[in-house]
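Following are the structures in question.
Both of the next two complexes hold chain A, though its partner changes from chain B to chain C.
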Partner chain A sequence: MKRVTFDPYRCDLCGVCSAACSLVKTGKFDASQSRIRIETAGSRVPLRAAVCRHCEEPACVTACMRGIIDQDPQTGLVTRRHDGCFRCAACAVSCPAGACVLDEALNAFTACDLCGGDPLCVKVCLTGALRFEDDAENSAHLRALYAEKMFEEREELPGELTDAQWEEICSILNAEGLSVAPDELRRGCR
Partner chain B sequence: MMDTRTQRILYIDTQRCMGCRACETVCKLENDLPAGPRYTMVTEVETGTGLTEKLNFLPVPCQHCGDAPCVRACPTGALYKRADGIVLVEQSRCIGCHECLMACPFGVPQFGKNGRMTKCTMCVHRIDEGSLPACAANCPAEAILCDTPENISRILRQRYSGSASLYGPFSALLQEVAE
Partner chain C sequence: MRKTDILILGNGAAGSSAAFAAKQTAPELNVLVLSKEDEPVYSAPALPDLLSGELTRAQVTVSPWDDYRNAGIEALCASAVRIDAGTRTVILENGGEVSYGELILATGSQPIRLRKMQGTGLPGNFVMKTIADVEDMAAYGGSRAVVVGSGAIGIEGSMALKARGFEQVVMVEALEWLSPKSLDRATSDELKAKLESFGVKVLTGEAVQGVLGETKVEGVRTEKRDIPCDLILWGIGMRPDTELAKAAGIECGASGAILTDDHMRTNLPHVYACGDCTESVDVFSGQRGAYLFWEPARRGGAAAGVNAAEEGQDVRQENRPRVFLGTTPFFLTNKGGLSILAMGRTEAQLAEGRGTVLEEKKDGVYRRLLFEDGKLAGAQMLGTLEDADLFAAQIRKNAMQREDTWDLTEPVPNLEQLSLQEAVFFLRKQRRNAFSK
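What follows is the complex of A and B.
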């Protein structure tokens, strides 16, 4: 199945993924409510993305004592029913990716649901650090990156987002029915 | 635990690799792999422009790192380093969380139909029999070397010392012919 994958070499820590995720899931900018968080080494080096991996044998499904986390036997997607969660944090503790988030509005633990198969975080990531791809594609991409490094042919790394790119992100969000001004988005990303 | 000075590693002599993909094919046959997982994969990188333009090839098998990030990342302990340094996976303990793939700088971890992690074993069954891994044994250009770093260094010095600047990768061959 396809998953949200992360390429730390291309991430410029702009924070658009977390801002867009919290906006579409909770209606406001709040990085702590985002289902995807970029973890860093120190403050400026992107390391990994904490986002639900939709494991083959999910620890959270086993850990949940209310039995409200399910795995679709066909697609492998891990889904949650939020009513009945008593916030024991067993899923958050057992998750290998650190992907569980305590949603304040739902008053329940939740995680990435891949936006129903078309993740918004991937769409708004203009640097190409986040991708929605399967294992084979991700592995081939990582191997190509390593080979480029070996032959010193790595492509130019993206710098700060330009004004045009901020507007492009806003137009992507508008197409999703979320009207945001570029200035508002910039503030939300900080 | 052995460290990377004394353990066997797979080394790719990129000056010799010509991108024939014999290693990929023989790896699939040796390990009986279905469509999907690739224990090794030849990647292509274009360098230079004009007269210096060149297509380079780099097969990427598991590097069997000394302090392997995948072993550190695995939450269930399914990945481990054997006493002789080979990184192996115990599939029954794998939960398919993909943390190893996120941690590996080389994109080595593969996932089969069952969603469990599988990877290059340095042909552990052949190593135990005392022979070379399938990719190293079948590389027509002898570009894949499987030995201790010390021995690999010795082979490379034999290949590229002396007339290296004049004849490049063929110096050793020319020397053999001359003898």
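What follows is the complex of A and C.
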């Protein structure tokens, strides 16, 4: 199955993935509502993307105290019936990816649904840090990373997006029916 | 005599998981689940919300009867009184007999009751284990409650009674602080302040000596005072229900719960066990014991169901059995503005002279991390769930001492000089390195 993967060596911490996610899922910019979060250790060094991995043996499914998280036996996709959620947070605590988010409007915990198979965060990630790839590519990619970066700490600090890049992202969002001006987007990414 | 391929004793979290997993694995086998309660599987952890009135009966149901029917699972409200493993038969209280190909014990646990203490048989004494318990308590009414015990049920029960509109809710704990098996005193102090801000009065270091009242509960007598009340909620623990198993010669561990291998098999052929009635390894401490939690009951139940079904089908040789490797006992409450999460060892459980404790209190959030030899061994937090996955993974790795080298953790250097936040950053970086290396 295809999953969202993350290469911390490419990430510029621009925040576009979280901004776009919150916009498409909740209609406004609010990183706390994003289903993807880039973790740092206080500095400007990206470490990990906390996002649902649609695990083969999902801990959230057995942890859910209402039994409302299901795994599709055919596709492997992990889905939620939000209206039953009583916000016990058992899924959030059990998830090894730190992927569960309390959605204020739904009043329920939720996680990345891969946008139905075409995740917006990956589309708007211009650095290529986020990818949407199947397991084989995914592990090849990780192995390449391993060979390349074995003992290396990332040295160069992330860069800034150029004006042209901000525009490009806006046009990607526009194509999705989300009309946003570059300034608005920039503010949303902070 | 009724004949079944797979017979499951218990229709709780574990038994129902086993039933659905068995039927999915081997649709041609017939699966029967027995329960003392005439209820489809429901969420015991949601019972406090049923008590507070926030959830309805239908909302605490996990799988309605229709799901059983659609899956082709039969369910019967009947109490089993004896297992005859020699003839592979279970005898019911009503005299009926059911024969089985494979048997799965999922008899769960029972609340501890102090039957010998004076007054504990009077009306007004309640426990919180089943839907019926909650409905009885709600029907009984009153406005003043005493909650005995400060574990998860004591805490959530107190909050629920308060939310239900009780004027007085007093929590009484005999030990020196709240949930001492899971929390250190400092965390307990924070929690106590939080509970009191919700209007729950908390008394610690005060053992209950008796129940006052002639014909019904009128109060509770502790070592220090008499507390008038209309009802008492006893939350002093649950005990694995293993009577049937022991009588049938099924081996139990030191904890008193049923021993299984990691395929959920007991010492008797064709008999499996799962859920609250079984012993397991706590992956946060490496210790064996009876850990009564929802998630392992669901996961262990599914493993027992799959494995029993495959044994019933005789496909065991082809398929690797489903394994169950242990329990992740999260002490977790997240409701009504109260969020508590604790995992791993407490300060008292750290090896002497080798522990370091870091704590942080900021913006209404309290965090406490416990290290042994520089490696994370426990975490306690109030008001946040951040980094729960990081702490859980670190504590598990350190406790289980896995030798798969990419996964090993390193001690945090100069721990004594670090703030809690700096230590968390170190752990995050270490995880990143383990992942991308």
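The rule we apply is simple: the second predicted complex is superposed on the first by the 176 of 190 C-alpha atoms of A that agree within 3 Å, B and C clash if a C-alpha of one lies under 4 Å from a C-alpha of the other, contacts with A are read in each partner's own complex, and residues count from 1 in each chain.
The working rule: contacts are C-beta pairs under 8 Å (C-beta built on N, C-alpha and C of every residue); 3 or more make two chains touch, one makes a residue touch a chain.
Since we're looking at a predicted model, the values are computed, not measured.
A.B. asks: Tell me the contact category for A:Ala31 with respect to chain B and chain C: first, second, both or neither.
C.D. replies: neither
A.B. asks: Figure out whether A:Gly76 sits in contact with chain B (first) or chain C (second), or with both, or with neither.
C.D. replies: After superposing on A, A:Gly76 lies in contact with chain B but is clear of chain C.
A.B. asks: Regarding the shared-chain residue A:Leu13, is it in contact with chain B (first), chain C (second), both, or neither?
C.D. replies: Neither chain B nor chain C is touched by A:Leu13.
A.B. asks: Once the shared chain is lined up, is A:Ala59 touching chain B (first), chain C (second), both, or neither of them?
C.D. replies: both
A.B. asks: Based on the superposed arrangement, let me know which partner A:Ile172 touches: chain B (first), chain C (second), both, or neither?
C.D. replies: It touches nothing on chain B or chain C.
A.B. asks: Examine A:Leu161 and indicate which partner it touches, taking first as chain B and second as chain C; both and neither are also allowed.
C.D. replies: Neither partner.
A.B. asks: Per the contact definition in the header, classify A:Arg48: touching chain B only (first), chain C only (second), both, or neither.
C.D. replies: In the superposition, A:Arg48 touches chain B and chain C alike.
A.B. asks: A:Cys88 contacts which: chain B (first), chain C (second), both, neither?
C.D. replies: Second partner only.
A.B. asks: With the two structures laid over each other on chain A, which partner does A:Leu106 touch: chain B (first), chain C (second), both, or neither?
C.D. replies: neither
A.B. asks: Both chain B and chain C touch chain A; at which residues?
C.D. replies: 48, 59, 96-97, 142, 145-146, 150-151
A.B. asks: Can you name the residues of chain B that touch chain A in the complex?
C.D. replies: It comes out as residues 14, 36-38, 41, 43-47, 56, 58, 60, 75-76, 94-99, 101-111, 114-116.
A.B. asks: If we count contacts the way the header does, which residues on chain A are in touch with chain C in the complex?
C.D. replies: For this pair, the touching residues of chain A are 8-9, 39, 41-42, 47-48, 59, 62-63, 65-67, 84, 86-90, 92-98, 142, 145-146, 149-151.
A.B. asks: Under the definition above, what is the set of chain A residues touching chain B in their complex?
C.D. replies: Residue positions touching the partner: 3, 5-6, 48-49, 53, 55-59, 76, 96-97, 135-136, 138-148, 150-153.
A.B. asks: Where on chain C is chain A touching in the complex?
C.D. replies: 17, 41, 43, 45-46, 49, 54-55, 59, 62-63, 294-295, 298-299, 302, 328, 330, 332, 334-335, 339, 341, 385, 387-390, 392-393, 421, 424-426, 428-429, 431-432, 435-437
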